[in-house]
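Just below is one structure, and these are the notes that go with it.
Per-chain numbering from 1; labels A, B, C, D and E assigned in written order.
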């Protein structure tokens, strides 16, 4: 559970805390503010800047991107909230890092919550919150923001149309990179399913099923993030959302298509994983049958033989009566007994061979190999 | 059944009782009325007040909260209903403590039924009914109302914006605390699933499956309460509900988001629980295979050996014929027989080792451990 | 099948019969007409009245309730149909007692088909058809109409508002009693599930599963009746149905809430029943494992022991060679052999105890008991 | 597969054939045209008439029903198409006998595809295509049209309102008979389920499961036909379909109700069939447990007994040492040994009786019989 | 995995590449441009033409079809994009060959992505992108375009109405052939299911289940392609798509019907495949029961017999006491012992025959054969 499905944990507000109370999420890092101001021709970066500086620079550039990393310092966050006129509930949502992706409209800005897949840990996601206002974009990132570096590079190098575009294109760029962060973990899970399929069709140990279960859990966790992301993007695409221009909306539609594609893959993988459970059970039950056949063949052959030896191991006194085990004194008694056993065994082998118990498994396998070509 | 899925019980109305007949629910406690009147600057509490006092104080404060705890005294309830002009059917719903959350519009007030998770008993809920009118909020609580203490504290201490806000904010505050009461039982169930997952992957006894079943039942019970709560909140958020101001509606939207989050978790946990059943069955079937392998290996090795001892335990008379068991009189007959048995056993061991029956389990486990890292 | 899911049977119309042909359902009882006329102050009952009397009394009272019990006499029914101007297809529907609940609008009246749970036979329902016109209500009941007695009593005693209300309230009263007839069978099925749960967790015989299956079938049958009843009630609640006044619509909404509650319970019970199947299979597979463990432990202990006795039961001649079974002539040969067997058995017991095969079951049970508290 | 789910077969058009190319379906019969002209007072039948005659008689009667049976003669069909101005794609659909039921609007006529259950072969359907125009109805029937005889009889005998009604009523009559053709196969499948239920609860052989599977497949095939029929009828009921008068629409609504009823039954039967699979597996697993119990009881009793006989079958020499099997020379050695075996067997029997292994099955059965009452 | 569910692979854009960057898909072939210009009376083909030629010929014919095969040469593709004014994102979609079918509206043209089934490899699809503009159709095909030959032939031979129709009919013709390409693989999968059904009902080896799994995976892959194709076609059928005339829309509707038919078949096959898994498990479990019966019968008969031989193989000294195994010295001791064994075996056989263990299987089979007729 702790890896993928993020536990509900303690409600961020205390028992009797009124709504809007700010509490840092457990394990939150130091809060660092980065300001990037740019236009088509200029770009200025301020690492580790203060709230005071933010207010001073407000409105100096066509586009201002204020990026806040780490949610540990509630005082700074509250100061930013006041500087940008953020609603208390929105700020509370920023600090509650288990939010589902969503869009909320405020008078002064648009509030968007999205999730980003954590690289190398399929199923894990972190939270990115965006406030898109008039000429500024305010972003809050829980945990690492290394995945944003590609956007920063594009800004610095002025590649693509990002520097010439207004702030809504920057918001799109962040959402797009966030969306695309889901492709690598899905690829990883796809390969893992491929591997599990092969193992489930062979001689699966208990580990195979547990690995299928883990994969299912990870897909479930991704799904929980991506479905509401699609809804959120679909909402942003509606005509009546004023914060995105028609030009940027074309790009958002592309991002929406990616969300649909990711969901499509997740659902496909989930079906395959569900089907793999059945493949596993089929393998196990076939092997149980095989084991039981071995036992039955052995027992069925040796029990009659042992019975025959038992009969001639009885101690009836041959000397007191001619009826008592005369075979024991025949000249060819022993060879005859051995022959009897041999014939018994042979007849049983023929019986089992006819029922296909002696070669069943190999043949089944052969057929499958044909199928798989 | 009796713990989680509340039985239909007897219909509260008797056989030929017309609709609107009031009957106390079985086991209902003494009815106690509490009146809290407040404005931004003042707050007055009347514990255990009478209906007469209620009528006298009516309209004396900007906000009046009449809280009724315990539904045992139908006469008092009927008197309150008459004092506030409640519809007979609404009052009947208050007394039928198995209601699904819902909203009903009456001319004079809004009637809301919601459910509250009972702390420490996951799956159990109690019923809270609200009548939201002009300047007053009438609440009816079945069973304990300890969970309301946090709202009372906020009122008394004047924390947050509750004291400055009109009565709709108070209604929101109650609905919000009711909604948030579902987080702790869900957390408990999440931990229980985590624990069950570990046990299902090990050597599960029958208790594991029964515990999975109990967890499923509890999730089902919570789900029955929360889905209609979401509908109810979604209804309250519609523009045409006049009882909530735009200001409070922002807060209700937050409460609605919590409902969505709770539903999301419940559905996720339900999927995990369903999957755990499969993990359990996989564990059990793998262990059956392991047991059968032990049996088969033992039987397959000892049956031929016993057969050999049986052969040389036969009593064919060696003295009447040189064909009769001459081995018995060979000098190295006994060691040869022992050697034959040893070789037979060794060959069978090699056969089983090649099929992987001797070390299968350990290896399967090892793989899983890799997976789980 | 014949108990719960009512078979399609023969189409009531014969092979080449045109639509609108009347045929009594198989086993239909004698047709009896009862007329109850009432106003707030008066009430007159005519048991076993004729069609002629019906026409004579037409319009003499504010409310006339014509109740027809038993559908065996098609001539009478056709006469009633002509007297009240019923459409041929509607009358055909009255006689086809396997109708799903529905509403149909005709110019002169509203036609409603509903179903009533048969008391004491969960899953079984009978059909009630209503024609609601201007000042009259025409009801047709297949089989027993004892469940209507409560409405008749309320009319006779003038309890509640039924006597003062117009005819639509009477229609509501019948629909309400029909809806509430589903609570007792559901309660019964809920108790049956409770009982089955206990048995499925114990040592379930085949009867348990068959009882689960029967319960599922009964829930399925109830569900088939109640889902369309909800649709039907939802249709009646629409503003554009002119036959129900706003006043009665408040009551119908209450009836609709009951339908939702019944559906909610049915779906919950269906989920629990589905889950019980899994509990059953889990119990059975755990017990199979337990059985196989006993077999394996016994076989694994006694096969080596028997092999040892077999070795010393061989007849190699000790007198012809010192190599031939010298143990047989040792002074402590026999005690040594017994000791060997004892040690073998002890070692195997230790092995099984370590794998937990000797006490596994008891411990699993213990855990469950903790869980269930 | 070939029986129920009709294979896709070859696309009727050849590789490079443009849309609208006509190809007779494989195995199509000779094309025969029948013309029935009628009004309230007159009726004229022309069996095996030609396209020329059709054109000559065009418009001579208020209602003309041209019925074409057998789709083997594409030239004739093309000629009919030209005579009535049918669209090439519609005619192509007539010849593609695997169409789903649908409605298509053309300027001159309404095109309806429906399916008819083949009597005696549950799951099998044939195709009926209708072109409803101004004063004429053109119907194309693949295979046998014996099921239409009832409509022809009603026309000839002037029963019901069919002769007085315009052509849309005739179209309804055909659709109604087509819809009602699904009741008999459903009845047959219902009886088959009833029978299978009984067998699945007894001692099911593999045939039972295969029969359940066949029933499921047939229900699936019926479902594929009836769902789109409901859609088609629902479409025809819409106000904006000009070809049906308000009067006939009342009848169509009845036909739509039958479609809903059929779907309801199909879905119910599908659920029951799905549930029967579980009943089957439960029966099988219970019987496996019973078999294993027999084996375990037998083995557990006889293995210790055989071990005892083995001990006293050892050949330790009693003459060389008083420690060597002195029991063999005791006076009551043999009776004592037999007694030991008896006690061992008795103790084991008591153990098994306590675990309920000796009588488990009978008791389980008894319970079920109670349940089923 | 790699065969059917196309892996996500590397995102076509590099790490920091802005949207609209073109990258050839892995393994893309050489880009070849073919231009077909035609009117009702003329047709001109230019194989392997250049972008310059395309621009030169622009608008010279009523209909121009530019077909691009192979996506390896991004420079050429970019040049085409510029020549026809394609949006960067659309061109990026052309190169991302894992797109879901979709429609996008641009000012100058309509952009359609569809998928084509690869012949002979059920489950595999390739991508076709269409840009439908004013008088021209631009198509991009990944991989082989042999399936388009039939359209080219119809153009060259002037068959059907394709030459007389404007460019939207050409677009329809391509979509129609793409849609119809799904019928052959479905037919193949249908036959494979038929074959698997037969094998699953017989004595299934593990290969059968794996083949069912592979079939399910292929159906899943087809489904992923066809569902969005239906959506896409449904979108094109809407009145407000200006690129298709009313005349062509009639044909598109036919194409849409084929999509519905394909989906219907896929869903039906998926249900059958899911059901086949159950048939398989039923077969396997029935066979396990059969195996266990053989083992139990053998063990139950021979264990008591061996026990009897064991008793008379004991070495109690008959000479020291008349109580010690006097049977050994009886005249008919041995025959009596043999008789005892015979009676024991016979009684056990009768017991098993009564429980139906000796003939169970054959009878089950016989019943099924009846069923299947």
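Keep this in mind: a contact is a pair of C-beta atoms (placed from the backbone, for glycine too) under 8 Å apart; a residue touches a chain by one contact, two chains touch by 3 or more.
Please read all numbers here as calculations on a predicted model, not as lab measurements.
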By label order, what chains touch chain D and chain E together? none
Give the rotation angle, in degrees and rounded to the nearest 5, that superposes the C-alpha atoms of chain B onto those of its identical copy chain E. 145
So, in whole Å, the Cα centroid of chain C is separated from that of chain E by 39
If you average the CA atoms of chain A and of chain B, how far apart do the two points sit, in angstrom? 24
Interface hub residues of chain E, defined as touching at least two other chains: 281, 285, 288, 292, 295, 299, 303, 306, 310, 313-315, 325
Which word fits the touch map of the chains here: line, ring, star, complete or other? ring
Could you list, by residue number, the parts of chain A that touch chain B in their complex? 1-2, 5, 7-9, 11, 15-16, 18-21, 87, 89, 92-93, 98-100, 102, 104, 203-211, 213-214, 216-217, 220, 224, 277, 280-281, 284-285, 287-288, 291-292, 294-295, 298-299, 302-303, 305-306, 309-310, 312-315, 318, 325, 327-335, 337-338
Hey, which residues of chain A end up touching chain E in the complex? 149-150, 153-154, 159-162, 173, 176, 180, 183, 186-187, 190-191, 193-194, 197, 201, 250-251, 253-254, 257, 260-261, 264-265, 268-269, 271-272, 275, 278-279, 281-283, 285-286, 288-289, 292-293, 295-296, 299-300, 303-304, 306-307, 310-311, 313-317, 320-321, 323-325, 356-357, 360-361, 363-372
